[in-house]
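Note that chain A is present in both complexes that follow, paired respectively with chain B and with chain C.
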Partner chain A sequence: MTTDTNMKSPEAAAVPPSGPAPVKKRVPRGHKRLLTRRDRITLGFMAGVPTVLHVALVWVTALASIALAFTSWDGIGFGSIKWVGLDNFKQLFNDNPQFWPAVEHNVIWFVVLILIPTPFGLFLAVQLDKKIRFSRVYQTAFFLPVVVSLAVTGFVWQLVYNPDTGLINSLIGANKPGHYIDWIGDPHLNLWAVLIAASWRHTGYMMILYLAGLKGVDPSLREASSLDGANEWQTFKNVIFPTLRPTNTVVLVVTIIEALRAFDLVFVFNKGAQGTELLSILITNNIIGESSRIGYGSAIAVVLLVISLVVIIPYLISTFRKERSA
Partner chain B sequence: MSTPTVALGAKQRTPLRPARILLHVFLIGTSLAWLAPLLWAVFAALRPYSETSTKGYVSWPDKLNFDNFKNAFEQSDMLHYFGNTLLIAVPAVLVTLLVSSMVAFYVSRFDFRLNIFLLLVFTAGNLLPQQVIITPLYRMYLLIDLPGITMSGKLYDSALGLVLIHVAFQSGFCAFVLSNYMRMLPHELTEAALVDGASVWRMYWQIVLPLCKPAMAALGTLLSIWIYNDFFWAIVLISTGENMPITSALNNLSGQYFTDPNLVAAGALLTAIPTLIVYFVLQRQFVSGLTLGANKG
Partner chain C sequence: MRDLSSSLPSPSRRGLLKGMGGAALLGAGIPLLSACGSSGSSSDPKTVSLGSNASDAVPKKAFAEIYAAFQKQSGITVDVNTKDHNTFQEQINSYLQGTPDDVFNWFAGYRMQFFAAKNLASPIDDVWEKIGGNFPDAMKKLSKGADGKYYFVPLYTYPWAIFYRKSVFQQHGYEVPTTWDQLVALCKQMKKDGLVPIAFGDKDAWPAMGTFDQINFRLNGYDFHVELMAGKAAWTDAKVKAVFDHWAELLPYHQDGFMGRTWQDAAQTLVSKKAGMYLLGSFVAQQFADKADLDDLDFFAFPEINSAYGQDTVEAPTDGFMVSKAPKNKAGVAKLLEYLGTPAAEQIYLKADSSVVAASSKADTSSYTPLQKKAYEMISGAKSLTQFMDRDSRPDFTSTVMQPSLQKFLQNPKGVDSLLSSIERQKKTIFASS
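Here is the complex of A and B:
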């Protein structure tokens, strides 16, 4: 995937590779000379229209979130926007009984996903990569949960967790009144119940990413290591796993982002009440709930934004640096 | 970009050794466990409420029929909600592909100084959690008046509003993937066309785009499933139950109409059917789409 070395224009290739800066300067001129005015306008539109749409709906709103986080606003007319400084954050950190649990649950969400379904997905991928019969059938079974929407997944798992009619309680005999195990209602259990459903889905996703990564491993590496007498585990640990580094990076980023985005399952289960609070849910409740505390909701969004950027920025820098040097 | 489809490739079947048999036993067991929640939903959906309410859910079925599916479909007017979804998903997928391929073309075929920055803006935007931007977006949608264009007279509570946010959000991912793809096409193709005096639009539409068909197909499949499955945008940006797409409508309906779990099971399964069909028909595209973006390190 890094073979795009010679994709620059011939002019660029002609320049001795003395450093990236002069190369960059010469290339555009070579192109621009050939482009007519009309072409340049066309290009401007082709890049401009999508950019305006994307920036207006994604980045302007992200910046607006930051600005609104320092205000209080009931949403009725712009006149009622009041600057309140750090009040929203103070309230959030000190007085909101749901905030710290939500942060904790988002962290737990990530830790569980990275420790259980991710290695299990890798394990399944390694097994399925062994040119095994019916590989496609197995893959489909593990992958089906990724195709079904998270909202539908929520409904399906409710059927499993239902206290009186659910599969689990029926099987363990806890479906009689007085002996209920309320998987969704009990604040000590519900987060784990939701996480089982989330892990069910995450495993298949990770399996596919790792399968794709494993396809890229040079077969001669495997041969060499088996000639050296390494056993399966040694080969995996010392040869295969190190070559999966790019995949691991992607898996890590995807998992963190999934943990920060987690919403649908919980919303369908119990709307994030008691025990399953998440940052995403708190923000949403500020919008579609009764109260419209825009500044406050935005303050939570800023917390989520900051956490996300801590992950996104280093990831993008490393990705794009590779791209440039490629 | 090696084809990331996870096919068996050249089949060199090894004879069945005990280790292999053990592996198959393990995989069959896990596969069944994995399918269990879905199979359980199917089982519940096939049974009449009268039977499960007296015999319990874990019991041998006397009667299995499709009544629940039929009732869920009719009682909740599912066809209407499927229609809403089509109205959102079809334009959203097509416009996203168009728009992101234009950005990708610009970024990958012309070396302007802002290219990398532009691509960064798109890619980073797609990685943000949706909730980060929802509060101002929701307010913005309420403020934008579109009398006569949308039913609600605003961007809020309209299919158009959902299409726009899907396009804006998803084009980040697609622009990134497509620009990588386009960068691998030989530069001589467009160089020659440029020297011959072809317009930029022609280069894009007649030379580059046709060559991107595999990537476009993969992304199109992926986008269809993602946008079909969207729950969050619709929950927040659509207020009238009638206007909701199917996945979020189901959430409303489960409280309103469905009084028994069997009917909920049937409704949930019906909602999942279109994505399952797309997946089974276009499996290869779907999987390669997922790994197109992720495969690069």
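Here is the complex of A and C:
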């Protein structure tokens, strides 16, 4: 199905421009082709190559990993693939002590991102939108963490959190026996420690999204509301925020995606040890290893896929509905 | 790789023809490997590529010196691709199935046999014909795959033991503990004296396995260690429970905050004399940058727990080299491995890295430091040698089940029963999978 639509759409799009051409010159009958042979080959390549790549890299791999979730495979040669039915899922739900904590942590990740850095990013965006002095400097400063790769962010925060030599423990003297704070290892602390780092980055991301949204707000709306005597908070609450609705949808989707794909920061931080388990890390640990459990890892990946679909499908349905009514 | 059959004692006719095709290469004196056929790769006959996991400064330099000496002797350059030690391990599977280097660093034991059994490594019996005399029987055994062929050239080995600073023991008048009770008493005393009794860091999740191994084979003996690692003994066995009970008794004397600390950082507390002891492999010496500090370093075998086994088992992981499934420069590979199997190569390594001892019994021990001599005696005097939990067992089991489980225990030493039944359930499915 995807192949068809992808193959046709560029061609269909290319048809109209050549429409006026026959007016100038009379085209002999029997040569009604609008595109030359070369055009067709070019278009075929332009549509075909991406389609093949897309199918091979997205659909085939996704479907293969779904299929592999029902097998046991160590990743060495195709001969060792063994069909095991639902065993992987049974093991996962019943026996794996890391699975449910991982699901829980992914949920916590989302809740924290939506409750703390998102409003804070909006706050910063509103302040910066007022064109205060040095607003570009602030903008750059807050956006900087987004530009830095998450792996690097992880290394930097590790230096801050290191229990023996890290910034925090050195400052507050919590690196001595007796009163010791293990930011990276303590399962009650480490998730929150990583979430601070994640929020630090997410704030900048949200700020930029909201800033873009705010730039799109019609200035006459502000004018009108101030003429009506609304104060700043009233203007924001009743006029500006409602116009940010499309941005909010984007923010929600982006945050959900961030929560589901959370990985790099934690992997650098402590490899998803006790307290920071995440689905993405469980997948990695099972699939990429000295002797991999690819079937088992794929089963976790399928769970992650199902969770993603539960979130994405309602979004897509509502988007398509809007497009249709528009 | 299937073409290897052509070099076996009774070659088929086709194999013979192929063998003749490779006759030109046979002249090079490497019948076994040349039979793989010159696959037409335009590789440089003057280079051998080598995948290295020696990312730490000391071993990296030591290996570089061996390769330099080899180049001088043979004119063959060793093109080294170094990867981070832990990353190399994690990626080994895909690395060996992709386009691996001709030769790669690896470990003896189950982990070597696993890849040999999966046909991801080339047998090197021809190399062993030349270097066999350099190694004791224990090392020969360690270098063979399950099929009885050689797949591994060992370079060095090192014992796990409890390390301490002589000056600290002298200053406080401590004596080396030889029994469990003495060890616990010493820990108590050290705590009173304001020391961290046992330095510990488990951020990388493997150091804890070393502590488990020591308590386990002291308490239950070598045979039980082997059975447990092979998935035969049950983790719910009372013997295993006893290991964790002993460990829990010792845990309060371990350094705080170990989950967020690497072994290198933990070693620094021993260097700075803040910690009294450290249970680790002798590579801990690499962290002693100052010579005076290094001379002050000493170790003792983990104390006896059960008199039936005493201190007869030593954990001595062995590192060395393997050949990937289809090396490009076979002649060069054979030459390199023959060189690596000589006492000369080992001595070059040991000169630069004095934290380990030679695998070869021919290596000159006269230049050993007192620490190396002691390590050598400890290993040669052992009744049984173990490798390490993750080298003696299935790596998928140890990395996905044991590492998180041991970390869980360390954080909550009280919930052992449910933890052990969880390990046992997961073990059964993993060992049943293939």
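The rule is short, and it goes like this: the second predicted complex is superposed on the first by the 275 of 326 C-alpha atoms of A that agree within 3 Å, B and C clash if a C-alpha of one lies under 4 Å from a C-alpha of the other, contacts with A are read in each partner's own complex, and residues count from 1 in each chain.
Rule of thumb we're sticking to: contacts are C-beta pairs under 8 Å (C-beta built on N, C-alpha and C of every residue); 3 or more make two chains touch, one makes a residue touch a chain.
Being a predicted model, the structure only gives us computed values, none of them experimental.
In the superposition on chain A, contact is made by A:Asn162 with both chain B and chain C. Legend: residue contacts after superposition of the two complexes on their common chain; A:Gly77 is shown touching chain C, with no touch to chain B. In the superposed model, A:Val217 lies in contact with neither chain B nor chain C. Once the two complexes are laid over each other on the shared chain, residue contacts for A:Asp95 go to chain C alone; chain B is not touched.
Of the two partner chains placed by the overlay, neither chain B nor chain C lies in contact with A:Ile108.
Of the two partner chains, chain B is the only one that A:Val148 touches; chain C does not reach it. Residue contacts after overlaying the shared chain place A:Asn285 against chain C, while chain B stays out of touching range.
More residues of chain A lie in contact with B than with the other chain of the pair chain B and chain C.
Of the two partner chains, chain C is the only one touched by A:Asp186; chain B is not. Of the two partner chains placed around the shared chain by superposition, neither chain B nor chain C is touched by A:Leu252. Overlaid on A, the two complexes show chain B and chain C touching the same residues of chain A, namely 75, 162, 165, 175, 286, 288. Contact residues of chain A toward chain B in the complex are 1-4, 6-10, 12, 24, 27-28, 31, 34-36, 38-40, 42-43, 46-47, 49-51, 53-62, 64-65, 68, 75, 124, 127-128, 130-145, 147-152, 155-160, 162, 165-167, 170-171, 175, 197, 200, 203-205, 208-209, 211-213, 215-216, 245-247, 249-250, 253-254, 257, 260-261, 263-264, 267-268, 279-280, 283-284, 286-288, 294, 297-298, 301, 304-305, 308, 312-313, 315-316, 319-320, 322-324. Listing the residues of chain C that touch chain A in their complex gives 89-94, 97, 111, 114, 118-120, 196, 202-203, 205, 255-261, 265, 268-269, 394-396, 399-400, 404-405, 407-408, 411, 422, 425-426, 429-430, 433-434. On the side of chain B, the complex with chain A involves touching residues 1-2, 4, 6-9, 11-14, 20, 23-24, 26-27, 30-32, 34-38, 40-41, 44, 52, 56-58, 99-100, 102-103, 105-107, 110-113, 116, 118-125, 127-140, 142, 164-165, 167-169, 171-172, 175, 180, 183-187, 191, 194-195, 199-201, 204, 225, 228-232, 235-236, 247-248, 250-251, 254, 261, 264-265, 267-269, 271-272, 275-276, 279, 283, 286-287, 290-291, 294-297.
Residues 72, 74-77, 80, 82, 87, 91, 95-98, 161-165, 175, 177-178, 180-187, 190, 270-271, 273-274, 285-286, 288-293 of chain A touch chain C in their complex.
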